[in-house]
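Next up: some structures, all given as structure tokens.
In what comes next, chain A is part of two complexes: it sits with chain B in the first one and with chain C in the second one.
Moving on, here comes the complex of A and B:
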């Protein structure tokens, strides 16, 4: 009887878990990454595995830093924008111009330009430590992604300003900073923020991989990726990985070759699948989270 | 139940067969939820409902529920969502079980007495839109559908639900509806559930309809030990309380000069609003508020009472207005920082009419006090004792940590009121302060207001609860807001 009840409870919990799409895809992502790592641990040579581990960790660390920097930048610029809106409306136009200037630059182009600056700093020995270089890479990407947070917070503030919510607090002597920071952003918008930040996390990985791939395959002669930390993007551009990717094409016409792919072309396939699988999972997590909280 | 949260837990809910049950109680307590559950309108998959110890899906499949749905009628409190925008009113009035055009005329004539036959015909050919017909017309139209269903009824063993049917009606139309309902009930003793928190309905019913006890039972829903309870409501206690309600007299010596004077002409949104204390609107007079005063500002729906309150509070820009507040001259050119630095919370504050909008529903009860310009704002003991002035005594400490979103409408309104009252400003503007409150809470709030008044604090009240506020203030403290007729004629001329 107890076993049945426990079994039913487990089944009920499992059914409930499946409906939580964001948690489901988060666990799929973690399980998938673990599976790939164990597979590589068994079948991939140690130096290549070490590079993949480094590349994956660096990519995730940079994307996580992008989240923090974008949130800080977005929040900070929103506050500046709001102060200008209330006190110096003319100066707000200047800020708006600056923001639109950033907005007008395609993210990938902006990041590439940022990498030019980063390379110069590395070449001139201004940036030497690895953590600082990682942070700079994150900062460059965040500059072109923080607008998502800025737009979101500005919309949230505008929405609440239209409601009695804002005026009712004002006339009770509650300061506007308190209303905006605590009541609107912290209390009433964390779910919106988290949803956007998950999206930014995915966006940062995509941008980082794209730019690192572009500069690593040598589209630009001005920048050298040699001193930059290894990421999934730069790993994908390596000659071994490219051969592995070509092997996938080969297996399309030679079916019996397909069996060799997860054993003999592991590096390239692992890097490519880590990128694609991570982006797919993040998309699903963001989607599920948004749906669960009816955003 | 939804997820982990109990929405309504009620052990006994009775509708006396063949009688009208007038169900009172604060908003959000579960009146609508219960009536929808009985009528079989709740989503069985999203909620966990047990009715008469029976699973809700079994109840929905049962003969009783099917009979209620096919023979009865539900008038929803939000008329816009009840009507189909893809069908004319005429088509909807003759749809399904109420298909009988011959019975339309008398019912419509009674509910739309101000319209000619031609105008009524025009109205029937309208496709409902958010702005047309008006909210009041939509509501009367739904009432007409319910009366038509009553007239065509085959099996009287059913239920008719009217959920806040007079929410969008003025007192004249409300009284027409009540009269019609009593008349129908005299001929067919139907089971009717009439949900409202308009307590002034009691006076209308008991004074004008002497035969009421044969037809109506008055009930109230309240919460006791976290459980909803249906109790008999004593109309005598309400009427005697109302009779005994007296305006408060300030203990402070009234000054000769008002602490607030608003000149009678205000221009806003391209129209001129005028103020008078003459009910015939023959002369204009400035709106004066003295120390320890309670002033009642009356106007028809949509004239601009809330707009005037917001102008006084500096929240709404007006083209022209002149206000003197404790010697400080304010007008359309005054920068908002003057209100911010010298008026808000200190000299004047305001309670907004919709607590749901005015409070942060994402916070907890104790958070309502955060940010207020009072030193004790984080002191749990102080917060608890303050809350006890509007809630029951010996509040459990856990109440302070309860999410505001989980409170009933009446509880939210109490928080909305106490947040401004605690500041003790010289003047407090109360916009519909009794929205969603039950009788006991209304009494408690009025006592609290009178205590503040005796300390020299003043109130400007905007309320549709005329019956109560008329007695709460002295007759000379009633002002009327109206639109300038010449202004209106100018705007209507080609």
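Moving on, here comes the complex of A and C:
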């Protein structure tokens, strides 16, 4: 009887877990990464594995920094925008104009130009420590991604301003700063923020890998891999990784070659699959989270 | 609409002025390079066993110098930095590309404008294709969901039947059904991975070299890769889902509008009408949902266009497609030709602004229609 109850409970929990798509995809992502790591531990040579580990960790660390910076920037600019809205409406137009300018610069162009600036700083020995370089890379990317947070918070504030509760709180003598920061942003919008930040995390990985790939392929004499921390994008641009990826296309026409892919072309396949698998999982996590909280 | 036009125009003028100032301050400073350690540089670059354009060899030289002369580390740093500049300048001198010299003459300007025009054409084509793809796939997905529920749900139900039923014929039928659905899920999963793969991952799976004739491949990659199609299809699908739950849909059902989502029935939806460019669903409840969703999608189109242009730039740069605008941009960043870099970035900025203006105009006209102003 107890066994049945335990079994039923387990089945019920499993059924419930499957419906929580965000948690399901998070566990799929972590399990997938662990599986890839164990496979590489067995079949890949140690220096290459060490590079992949470094590349993956750097990518994740930079993307995590991007979400923190984007959240801070988005929140900060929203507060400035709100102060201008209440006190200096004409200056708010100027802020809106500047923000729309950033919006109109394609993210990749802005990031690339930011990287050129970063390289100049590295070459002139202004930036030397690795954590500072990682932070600068994250900052450059965050400047072009924080607008999503800004738009969201501005929308939320505008929405709550229309409701009676906003006026009621004002009548009670609560300051507007308090209402916006605590009641609207901290209490009523954390789920919206988290959902956006998950999306930004994916966007940051995509942008970072793309910029590093472009730099390693096209600007390698200007910005050498010695200067910038290794990421999944720069690892993918290496000639042996590119040959490994080419083997995927080869195996499409030569099916028997497919079995060799996870053994003989492991480095490139691992890097490519880490990028693609991570992007897919993060998209699904954001989607699942949004659906679960009806955002 | 006038404030929008003024805003877009003002930003183009503002960026134009900023770029002119940047060029005036840093542009004309380019002069013939002079090297402090030219004798050492020549000696080291002539060593047969070291390739000074290779960062690893350069790092090796740096470490060796530091090892043998630990007191001269600052001099070694400057020397290595100068070797880097020397190798870059040497490469620039050897290149035959007409776009890589610092001066901007009329021929180069015309060539760049032609490239910009070509880029704009590809961009518009891809934008139309992705907009059509997003709309079509989202509608198809919604209708399929109305017809048969989710893939996971149907597999779960069949699995339950497989376990509970005692009839072997039925068990076999359910098992086949599950295998078929699982195969469909596998194909769907592989397609999802392809759709989320960055363009350069897909491209380098098939080719190692990309020439100027790769325009078709570029368009195809822009549509299917970088997660563009799937992300915005999902957004469109979410719009349809939330619209289909609104009150007016229930009212329309009460008023006896067609609501069957079967393809083959008279009161259902024709499969061909989903794939049409101008989609129409006369007499069907979905026609009203579609009209409202289209308007909501217009504001997302701006974001989609911005993401698309980023994807296109990534493709041109990552695949090193010579003779294309973004390849030239990358090369000119490499050789620090500020005038050409600013000109190309300004050109791309104008394309983005024109897109935003066109979408704002579309939203404006649609809004007037909704408000019954004209």
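Heads up, the rule we're going with is that the second predicted complex is superposed on the first by the 287 of 295 C-alpha atoms of A that agree within 3 Å, B and C clash if a C-alpha of one lies under 4 Å from a C-alpha of the other, contacts with A are read in each partner's own complex, and residues count from 1 in each chain.
Here, a residue touches a chain if its C-beta (ideal position, glycine included) is under 8 Å from a C-beta of that chain, and two chains touch if they have at least 3 such contacts.
The shown structure was predicted, so the numbers you read here are calculated from the model rather than taken from an experiment.
Peer 1: Classify the contacts of A:123 with the two partner chains as first (chain B alone), second (chain C alone), both, or neither.
Peer 2: Only chain C; A:123 stays clear of chain B.
Peer 1: Of chain B and chain C, which one touches more residues of chain A?
Peer 2: C
Peer 1: By the touch definition at the top of the document, which applies to A:214: first (chain B), second (chain C), both, or neither?
Peer 2: It touches chain C, and chain B stays clear.
Peer 1: Determine, under the contact definition given at the top, whether A:287 touches first (chain B), second (chain C), both, or neither.
Peer 2: second
Peer 1: By the touch definition at the top of the document, which applies to A:249: first (chain B), second (chain C), both, or neither?
Peer 2: In the superposition, A:249 contacts chain C only.
Peer 1: Is A:276 touching the first partner chain B, the second partner chain C, both, or neither of them?
Peer 2: After superposition on chain A, A:276 lies in contact with chain C alone.
Peer 1: Touch check for A:102: first (chain B), second (chain C), both, or neither?
Peer 2: In the superposition, A:102 touches no partner, neither chain B nor chain C.
Peer 1: Would you please give the residues of chain A that touch chain B in one complex and also touch chain C in the other complex?
Peer 2: none
Peer 1: Which stretch or stretches of chain B touch chain A in the complex?
Peer 2: By the definition above, chain B touches chain A via 310, 313, 315, 340, 344-346, 348-354, 357-360, 362-363, 367, 370-373, 416, 419-420, 423.
Peer 1: Residue numbers of chain A touching chain B in their complex, please.
Peer 2: 163-165, 167-175, 178-179, 182-183, 187-188
Peer 1: Looking at the complex, which residues from chain C come into contact with chain A?
Peer 2: The contact residues of chain C facing chain A are 7, 10-11, 14-15, 53, 55-56, 58-59, 77, 81, 84, 87-88, 91, 152, 192-193, 196-198, 200-201, 204-208, 226-227, 230-231, 234, 306, 309-310, 313-314, 317-318, 320, 327, 329-331, 333-334, 345, 348-349, 352-353, 356.
Peer 1: Help me check something: in the complex, which residues belonging to chain A touch chain C?
Peer 2: 18, 97, 100-101, 103-109, 112-113, 116, 123, 125, 206-207, 209-210, 213-214, 217-222, 224-226, 236, 242, 245-246, 248-249, 272, 275-277, 279-280, 283, 287
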